[in-house]
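I've put the structures underneath this note.
Two complexes, one shared chain (subunit A), two partners (subunit B, subunit C).
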Partner chain A sequence: MTGGLVLILALLAIVVAPWVAPTYYLLLMLPFMAYAVVLLGLNLLFGYTGLVSFGHALFIGIGAYTGAFLAAHLTVRSMEVFLVAAAIAGALVAAPVAALCVRYVKIYFGMLTLAFGMVFYTFVLKFYRLTGGDEGLPFPRPALLGFPLDAMPKTDYLVGPYYYYSLAVLAVATLGMWRVVRSPFGLCLKTIRDNPAKAETLGIGVTRYRWYAFMISAVYASVGGALLGPPTGNVDPTLAYWTHSGNLVFMTLLGGFSSFFGPVLGAFVFIYLQNWVMSVVPYWRLIFGAILAVIVIFAPGGLMGLFARARPAEVARG
Partner chain B sequence: MQTSRRQFLKLTGAGAAAAAARLEAAPAFAQAAGPVKIGVLAIRAGIAAPVGTAGLRGTEWWADRVNKAGGILGRPVQLVVEEESNPKDTVERYRKLILQDKVEVVLGGISTGVTLALGPVAEDLGTPWLSWDGTTQKGVEETMPNPKWAFKSVDNEVEAIAAGILTAKYFKGVKTVAGINNDYSYGHDCWQSYLAVLKKLGMDVKPVLDLFPKLGVTDFTSHIAAIQKAKPDLLMTSFWSGDATILMKQAAAVGLFKTMKGVFTTAGGVHDSLKKEFTPEGLLLGYNSMYFDDPKGSALLKQFVREHKARYNEYPPYECDHAYFCAESYKAAAEKAAGGSRQWPAKAQVVKALEGIEVESLSGKRSWREDHVQMCNFFQGITTHKNGYDFVTVSPLEVISTKQAMKPAGTKLFDWINGWKA
Partner chain C sequence: MILKAEGLRKLYGGFCALDGVSLAVGAGEFVSIIGPNGAGKSTLINILTGVTPPSAGTVRFKDRDVSGIGPVRLARLGMARSFQLVQIFPDLSVLETLQAAVVARLGRGTRLFASLSGDREVQEGALEVAELFGLGEKRHVPARQLPQGDKKLLDVASAFALRPEIILLDEPTSGVSTADKTAIMEIMVAAAKRIGIQAIIQVEHDMDIVFGYSDRIVALHQGRILADATPAEIRADQRVVDTVIGRRARVR
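The block that comes next holds the complex of A and B.
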């Protein structure tokens, strides 16, 4: 009950924020919502299936570059087309990548995903005519639900219509993932995570189910990647770089991978903490490294784990 | 008619009362009496951190100097420093400087990959942005020919064009050339521009090898072996960071420059690491827009070099000058826009005053072209050991203006080069 109340209050705060919060903090909500979509997907693989991907920035890159490519080469301007195209492109790339990766687990799975991520990074860096190389591609302001909104100043566009658009995408993604993890399919994934041998004896196709989880996860990451494009207005190869994948894992650990909303909370805290620490000290990466070490050693359940420890009666239900 | 965010919020049912309650609705004149907040974006990590540090040092030295002299229009200068990193994060830091810190101007920006993203954001937010070393060029072509708020650095390939001009002057007998440049747009563009200039200037040279190692590579053994095998008369590189020093060291180990000429278009960025023990005499070395040991240098340059050396035990590279120029031109424009009064001018007035303005920078007179591109001199010369340092300097020193080595506004680079009267 308390968890539900917190969720409602959080949602209410996000909805009313454009009326009360400073513009800059609203702008930071945009990458938060995009990363939240990515991490909901990543955690299906990480928290629910037990596979840690160090290459999911690949799919963020796929999503972002799909939108930018459609805009640059085919003059498409519809955000809905970008999102659908990103999801399809993400699925198309993920299908063979997942088929190869899910045959392995633990460090081998992680290294394979890292390798595929770096292959894509190299691709966007090298194929200059297609991807713009190191300079990337512009991601022009997309029309939302058919409304071009070109006359609006970009900042107003971002913290007005685009803000609510991103929130709607996040809400749909959250509801969709909630259904997935609460379904018999989600239960199968948890069984695979906890005991793959037992899952196999129960008749669950472990490799097949892992492939499904990877596919869903990749589609979520691609959609999140497409959402990241308009606020920056440019996509570049660093979106697909391995350190970006590392950030995704960091956010998931920070919030807590054993909780449904843990990664979402992780994304929120990561973005606002980074914003603050970067302005205070030039060596902010050292501080983030120390935070990661503290989480892994003292709070492996992340922030949600700490809350759950404070409320033993309502443990994270996963 | 434009739709503002508040109008949009009203349309979505918020109402005017809620919109009016926004916390950020602070009075616009709040800052007029306090310090002038100047935002600075500087790279602080990775391979380009020394470049960002140099720019920051140049800006801090300028700020100290201005504050000691009474500030700008009587207001002290306060620097608000944020990090330049990847495009996404830097755009966020840029927005923070303007929307949260309420700075009057943003200085900085080095990587063109980043500044390509910053340009449109600067135009949207309506605050002047004076880039140190980043352009809004895609490859060698301008993407923002008529900006209002964005002021860009000199075109990326100017040092390669200047080096091409000087190659034709100093290395006349060269017949074959090889290039080793970083594998990103700057490296490719410099190589192509350099070859285009040599061709236009009537040098009958044949490119026999072009190598593009990844930026950040620290072992050039295989590249040097390939260069030795190709036996060019001249090796050209646009390396600008520690890789220039490493290449020089590894080349010296096999005596590479005993058999060929060398052109280092941009290695002056790490000039004091080019020690005499491994850097031969006779190479063409480029220092970009400032040469610390310029015999004709101004008293300002000499004071800066002296104080920089005393404080950091290093001789300053050119990025200090880009940064100093951006800051000093902003000050001059604010004072010009104020028209002799102490009234702080509007941002749009400062931008208008910046267009075409000329100021005294560390390297001498520098200006902003009408289309918001820096104009300055480029310093290159032939390396010599005849100096009091443990690293090479250049003699003779050649000074090439951007009027000579940078494409005019509105032209295409290779069309412009091909149109030269050789």
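The block that comes next holds the complex of A and C.
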């Protein structure tokens, strides 16, 4: 039950933070919440189905560009429309990509996802008429639940209404995923992660389920990508670059993929740590590379794994 | 006939692991497949269960051609199996493993937002099988932490949890002492009766078990069927005794 208590306290802290925390740190909460949505989805594939994608930034890109595209070319300004359109666009792109990728496993799966990510990156870079090329597209401030909010100063908008809006999206995404991993479907994914050959003899269609998991994770990543738009203000191809996909895997490992909230914690620590390290030394990648090596070697369960080891009575496997 | 195989051949490169094997199993039958190491017993089971495609020949299950349809659809049609090298889901508990089988049997795997713990049919179905197999006490233990014998039992139990019409077991009691073998056999026979399984095919090396439980025995040797007969006939068949039964001193 300690886990539940920690969760409630964390949620409480996030809710009251806008009244007490400095704006600078509040602004960092926005990418955190967007990444948390992405990682909840990614971990359905990684932690629950046993497939590591090195290309999920592709879907962040899809989500963010969908919003920016709708704003630039169709003058849409509604965040709800952005989110729904991002989910649909993500699903449309993911359907064939997933169908191809899930026929392969392990490193081949990872490499294929990486390849698709690179294709998409090049696409947004080259089709500048649609995508603005390397400069990207502006992501204008959207209305939230129909309220325009254009009169607000930008920072007030972000740490006020948009902050809670993001939190609401994250909450819904979390509850949804919480149900998914505890459903009969979630159990089937775990059997595939643990032993696909055995799962098949039980009548569980491995390829089909992997496809479902991929689709859900892609939709989550696209929604997270759209959520990332307003705080960034501008979407550019680096969103879809492969190092960005690498960061997602890093966050997942940092927090621990064996636990439901591990990747979310990983995103949180990653963002604040990166911010802090960048302010102290110029080589954040050097430091982060070292951290990653230490995690893989000494704490393969990530931060959540360390907590679980400190409290062996409560093993956190969702 | 529930299961009928004709002219099965399996080539591994130039090596012929199975050569013209035909076999028919009817309702109510308990069939044991025996033969020395490398005779092709596992290859035969793998072909019958759709895990390995045959090089030639057909398999009919409940009067339909099931050659090449694969294990997933065979499982749905009512065929289950366990493996010679024990197959488990290491991070799933005993109960979760059995629940997965029940979920698959009931076709509820695509219920995305339903609560697994709130699905009484799945919960009770899994618990029932756990108890039938004497795994009730260990139901929350992750499969990887089970002793070897229990892993084997769980592999078999999950096949039973599918409530198949026919079940194929590749050495279900290997690596277990003779006393325990008999106990496992008793559990399996009782469970099969309880669940309503119509036919059992097992690969077995222990001749006490083979002769104690089988209605029919199929002796394989170098990829061919040496004999397919009742236990009494097999005992009287000098060729089988010489090649399979007599000289076996199988150490595992």
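We take it that the second predicted complex is superposed on the first by the 318 of 318 C-alpha atoms of A that agree within 3 Å, B and C clash if a C-alpha of one lies under 4 Å from a C-alpha of the other, contacts with A are read in each partner's own complex, and residues count from 1 in each chain.
Everything that follows uses one rule, which is that contacts are C-beta pairs under 8 Å (C-beta built on N, C-alpha and C of every residue); 3 or more make two chains touch, one makes a residue touch a chain.
Since the structure is predicted, the reported quantities are computational estimates derived from the model, not experimental observations.
*Asks:* Clash or fit: how do subunit B and subunit C relate after the overlay on subunit A?
*Replies:* On the superposed model, which is not a single observed complex, subunit B and subunit C fit side by side.
*Asks:* Is A:200 touching the first partner subunit B, the second partner subunit C, both, or neither of them?
*Replies:* It touches subunit C, and subunit B stays clear.
*Asks:* Quick check on the superposed pair: does A:212 touch subunit B, subunit C, both, or neither? Answer first, second, both or neither.
*Replies:* A:212: touches subunit C, not subunit B.
*Asks:* So which one touches more of the residues on subunit A, subunit B or subunit C?
*Replies:* More residues of subunit A are touched by B.
*Asks:* Give the angle at the C-alpha centre of subunit A formed by the C-alpha centres of subunit B and subunit C in the superposed arrangement, rounded to the nearest 10 degrees.
*Replies:* With subunit A as the vertex, subunit B and subunit C sit 140 degrees apart.
*Asks:* Could you tell me if A:160 is touching subunit B, subunit C, both of them or neither one (first, second, both, neither)?
*Replies:* Only subunit B is touched by A:160; subunit C is not.
*Asks:* By the touch definition at the top of the document, which applies to A:293: first (subunit B), second (subunit C), both, or neither?
*Replies:* A:293 contacts neither subunit B nor subunit C.
*Asks:* When the two structures are overlaid on chain A, which partner does A:187 contact: first (subunit B), second (subunit C), both, or neither?
*Replies:* second
*Asks:* Would you sort A:172 into first (subunit B), second (subunit C), both or neither based on which partner it touches?
*Replies:* neither
*Asks:* Between subunit B and subunit C, what is the tightest CA to CA spacing in Å in the combined model?
*Replies:* It is 32 Å, taken between the nearest C-alpha atoms.
*Asks:* Once bound in the complex, which stretches of subunit A touch subunit B?
*Replies:* Against subunit B, subunit A makes touches at 18-25, 27-28, 31, 125-126, 128, 132-136, 138, 149, 151-157, 159-161, 164, 228, 231-234, 236, 238-239, 275, 278-279, 282, 284-285.
*Asks:* For subunit B, which residues are in contact with subunit A within the complex?
*Replies:* Touch residues, subunit B against subunit A: 1-5, 8-9, 12, 14, 18-19, 21-24, 44-45, 82-83, 86-88, 91-93, 95-96, 99-100, 112-113, 116-117, 120-121, 124-125, 138-139, 183-185, 188.
*Asks:* Quick one: which bits of subunit C touch subunit A in the complex? Just the residue numbers, please.
*Replies:* Contacts found on subunit C: 49, 51, 70-73, 75-76, 80-81, 83, 87-92, 96-97, 99-101, 103-105, 108-117, 119, 122, 155, 158-159, 162.
*Asks:* So in the complex, which bits of subunit A are touching subunit C?
*Replies:* 176, 179-180, 182-188, 190-191, 193-195, 197-206, 209, 212, 317
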